[in-house]
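For reference, the structures are reproduced in the following blocks.
In the two complexes below, chain A is the common chain; its partner is chain B in one and chain C in the other.
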Partner chain A sequence: MAAFLGPFLLLLAVFQYWPVAQMVRDSLYDFELLNPGLRKFVWLENYLYVFTDPDRQQAFLVTFGFAAGVVATVIPTAFLLAAYLNGRLPARAVVRTIVFLPVVTSAVVIATMWTFLLEPNNGLVNSALSAIGLPRLAFLTSKAQALPSIILMMLWQQTGFATVLFLSGLQSIPAEVEEAASIDGANTAQRLWHVTLPLLARTTVFVVVMMTVFSLQAFAPPLIMTGGGPEGTTNFLAFDIYTLAFNLQQPGLASAVSVVFMLVVLAISLLQMRLLRARWNY
Partner chain B sequence: MRPLLLALALLAIPAAARADDDVSAPTAACPKGVLTLHLLKPQNNPPFPWQITAFEKDNPCIKMDIAEVPFGQLADKISVLAASGNPPDVVVYDGPNTQTYAASGILLPLDSYLPAGFKDDLVPATLIEHSYEGKLYSPGTQQTTLALFYNADMLEKAGIPTPPRELNKAWTWAQAMDAFKKCQQGEGDNVTVWGLAPSRFGAATPGFVYRDLPFLRTYGDPNAPVESSVYKTYFAVAPDGKTAQGWLNTPEAVEGATFFQGMFNTAKITPKAGIPNAFQDKKACFTLDTSYFIAGLVNNDPGFKWGVTPMPYAKTPIVHTGSITLGVMAKSRHKDEAAKFAVDLSTGKAAEEFARVQRILPVLKSVYPKIPELQQYPLNIFAQQLLQWGHPRPPSAKFAQYDKIVTDALRDIAYGADPKTRLDQAARTLQPILSR
Partner chain C sequence: MKPLRIIAGILVLLAICAFFLMPYAWIVASSFKPQLEIFRDVKPLSWRTFITLTPTLENFTQLFRLRGAGGAMVNSAIVSLCQVGFTLAICAPAAYALTRMRFRGANVVFALVLMTFLLPIESLMVPLYMTVAGLGLQDTLVGVFIPWIASPFGLFLLRQAFEELPRELDEAARIDGAGHFRIFWSVVLPNVRTALATLALVIFLFSWNAFLWPLVILSSPRNAVIQIAVAQSVAPGQLPNWGETFAGATLATVPLILLFLFLQRFFVRGIAMSGVKG
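Moving on, here comes the complex of A and B:
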């Protein structure tokens, strides 16, 4: 057993736990990547900065706001799409493929494509708005519209994945349970609320956790579309950590942000799993 | 534990082995063997193959091994390699980062390798930019400045007189703004020709320090009393590069930032988002660009008459300088040979030939009289600006951080952020970084 697990545990230790330990250690130092040998032990100063600096606080708020926006839009959209696809539909496999396609497209390609689509002067979206007599929007250059624009892009990209998961959950619900509810006089809405949704709890937990994690990891949109702006409104934490470490040469601070971020994400995932845990078995 | 140590040891072997691999077996022509120097450079930038070939011909016992990366990845690559145990010998990098790399101990000071009188011959802006604590870390390869290109056909059609060619008759920004407005075609959502083309520098968004910080610095005055805010505005950072508070966010800088913002939001003579080749495609009457832009217009005729006028100003004319340059890594195992490469390419006939072939602005004053094109329109405008108005981007050991934070602030101001609030925020964010 040890011989079988040994190599994998070794790889896990070297490529997962060791870097995490290094990150925790680095978060206690002040140094630059250009000269990492010249480092100063600063105790918890970096953590104090993380909790008191307005830019870092904004990055946390923006990131969790983004994740909440993505989850709140993707989950209902994907569920409705899955319910639709679960019915008797001609060419269901083709439609499912079309819905799923954005998921397998590179995040960089998608971010680049949406940058062109949302371009204020000649973008396709603004051209469409003009064509129907609506005013053009600034989208990515507007403090108010940049974050919703990226949430919209994520909705387009991630709905397919969530839909396929929901569809598989729906198809695994035994037909006799639904039939029994119908015989007992439950209408469509009652069957959905009292039968389908509770039995989909495990799938929902998985989809919510996955969407949350995907959103919290978002890096390509700020890197390619907005540079974290305007005024920090799309400065997601993954991008903020990269900027702190490589552009601002503060890897100690970036490590502290990473540690706090990791713990918060862990706590959120545990909380989601607890709140959404399945109370039914079938 | 043993497998882990073995794996680490295996990983370390290539790094340790390269030092020995750098020198080949001795030959009759090269009794000490042929030395391979490792050079990291950005793609499509000097040293060009003909320069490498010429150096190798003059130094048959040295062979150059070139590694290239896209310019956008260069700074990150240098950061990573600098921390490694086996960095390249010579690195080509963006000149304003010289002080950052020097302060971090990445670059080797080159004073002892330079010919006598070299520093006196350097263009002042290059000397400031490439020096740190009195030592010179790069001899420099070329310089750049921005000037205002215009579409002469469009200006004629709009009834705008031909812009001046002389520095002492340069337009003010108010005059330039009038011309932008007159030349622009369409308004609101239906602009077909913009007065001023959007920036193509950096991420092709507004705010790139090289292009856009002079909009603020021109509201300063280097001859004003040293303690005055107007003096500090011109420099945009304290002389020691450690203070931005009170230098970047002065009332005059806010005035400049307000003018800058007005171009996008009030006058609306330039777009907030990039338009590739806006000037060449006749989608803009004017554009701010370097002397390298000339070659593009000459080699690919855009189909209209064009011209160049000096950079407009508000109170004090100023153009940012700086270009890519080369330095020797302090960790190089072959410092003397690497320094020879850097110095040979930047001095004497090689420097003259480089300026002649590539039509660049040289970093040595002595080269200027030898290149006739530099005395003639339009290159003379760039050359004169460099010598009379040129000033480096705010020199600091933390320039990379300054560049990032100020670029973001100027971008946000262009997008509509309150100029004073945003400059104050940038100064607040920068201050602890600069003073570390």
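Moving on, here comes the complex of A and C:
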């Protein structure tokens, strides 16, 4: 038994449980990564700072705003796309493959790609906007447009994933249900809203939580596209933790942010499990 | 009415495909162009933006000669293959123990594993860096993959596959006098090949695309993996060479896209199962 399970549990203890314990301890200290032996116990000062410092508050706000924006755009788009692809279509498999491509492309390549797509002078998007007579936009360099631009990128990246999940949900709905609804005279929109959507409640909860957690963990976009700016408007938590610890040499502070962040993500995941376990009455 | 609807449907499909494919087309086509040609072809928009009639390999040769893209690709391949191999070697026996051996506390063990499934790695980077550095593994390729080979997702996926395997199979083997090692190796493993392949592909995908952790733990240029090499050519404050950056992005993406096109069903199933742990 030990031979089978031992290595797994040992590695898990060293690389998951030990770091979590260390993180909680570190969050109570003030020290530098270069010199971790020299540390000062500061009680809950780091946490106080996390909850009162305007930059940290902004990081939390921006990260959750980003997640909300991603969920609000990806879910309806993916749902409609899945409903559309679920019909009898030529080349359905090809379309599904194409929308799934961004899911297997790395976050780095996607962030890189979109940095240049959204580049104000020579980017493809501005060039397309000019071609149809619209004004060019500043995108990532503008305080108001940077966050929406990254949400747009996430929409492009994650729609395929959400669509595939919705599609597998749709395929589990018996065809008779939809037929019955159309015999009763429901049009397409009514059918989607009153029949399909409620039947997909579980899938929807799953996709919502997945998109939320993905968005909360976004790191490559601020690092590659904006550096967290302009003026902290894209300073996502993962990036904030990284800069605090490795650039500003404040690992204690970074640990306090991490602990709060981890608790929030845990809470969301547990909420998901509860919701998924709940019975849905059709 | 009918033909009109069909035409409208085809147009919608084409629009969807264009929306998802155009960025790739632009990047790939531009990676075969010199910088000035990229700028010239994007304004105004035309078919030239997405195709080049006079492709040059200049960007790629520069990448390999001056920026060490070859080394980064090799490093990525080493890390990803090791991560796949070790993950399978660590998770498969653990899944066997949880499904085929009776012992007290099996449920507790599984709950402990499940908990870590929910931890975002983004929150763990600082203490994990200190742990791995404490083991003397910072700035090594081993340090890049070793924290992830005891994968809760891997255990989860394999456990499910092992449970679905009828127990009569191993009982028959036990009557023939086979022990646990033998049953594991010659009865269970050959019957869960699909699950093993799914896990291998998904781990390869995660490992190849990983960015945050390699960035934290690696420091010297000769150890850089391909994602870091690509990111370094665009980070804010740099004056990027567009063609070279696009060539790097193309290099980093092509192996995965090829794998995905040939083994699509494993990917989609596996990624859907990977759940919260992106």
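We take it that the second predicted complex is superposed on the first by the 244 of 282 C-alpha atoms of A that agree within 3 Å, B and C clash if a C-alpha of one lies under 4 Å from a C-alpha of the other, contacts with A are read in each partner's own complex, and residues count from 1 in each chain.
Methods note: a residue touches a chain if its C-beta (ideal position, glycine included) is under 8 Å from a C-beta of that chain, and two chains touch if they have at least 3 such contacts.
Small disclaimer: the values here were computed from a predicted structure and weren't measured.
By the touch criterion defined above, A:120 lies against chain B but remains apart from chain C after alignment on the C-alpha atoms of chain A. In the superposed model, A:142 makes contact with chain B only, not with chain C.
For chain A, the partner touching the most residues, choosing from chain B and chain C, is C. Applying the stated contact rule after C-alpha superposition, one finds that A:30 touches chain B and leaves chain C untouched. Judged by the touch definition given at the top, the superposed model places A:66 against neither chain B nor chain C. By the document's definition of touching, both partners, chain B and chain C, reach A:14. Touch criterion met: A:248 reaches chain B, while chain C stays clear of it. In the superposition on chain A, contact is made by A:227 with both chain B and chain C.
By the touch criterion defined above, A:130 reaches both chain B and chain C.
For the contact definition in use here, the residues of chain A common to its chain B contact set and its chain C contact set are 10, 14, 33, 36, 122, 130, 227, 229, 246.
Contact residues on chain A toward chain B in their complex (touch as defined above): 10, 13-14, 30, 32-36, 38, 55, 119-122, 130, 135-136, 138, 140-143, 227-231, 243, 246-250. Here chain A touches chain C in the complex through residues 1, 3-5, 7-12, 14-20, 22-23, 26, 33, 36, 81, 84, 89-91, 94-95, 97-109, 111-117, 122-124, 127-128, 130-131, 156, 160-161, 164-165, 168, 209-210, 213-214, 216-217, 219-220, 223-227, 229, 237-238, 241-242, 245-246, 251, 254-255, 258-259, 261-262, 265-266, 269-270, 272, going by the rule given at the top. Of all residues in chain C, only 9-10, 12-13, 16-17, 19-24, 26-27, 38-39, 42-45, 49, 90-91, 93-94, 96-98, 101, 103, 109, 112-113, 116, 118-132, 146-150, 152, 155, 180, 184, 205, 208-209, 211-212, 215-216, 227, 230-231, 233-237, 242, 245-246, 248-249, 252-253, 256-257, 260-261, 264, 267-268, 271-272, 275-276, 278 touch chain A in the complex they form.
Against chain A, the residues of chain B that register as touching in their complex are 3-4, 7, 75-76, 78-80, 82-83, 100-101, 104-106, 189, 191, 203, 205, 271-273, 275, 398, 400-401, 404-405, 408, 411-412, 415-417, 422, 429, 433, 436.
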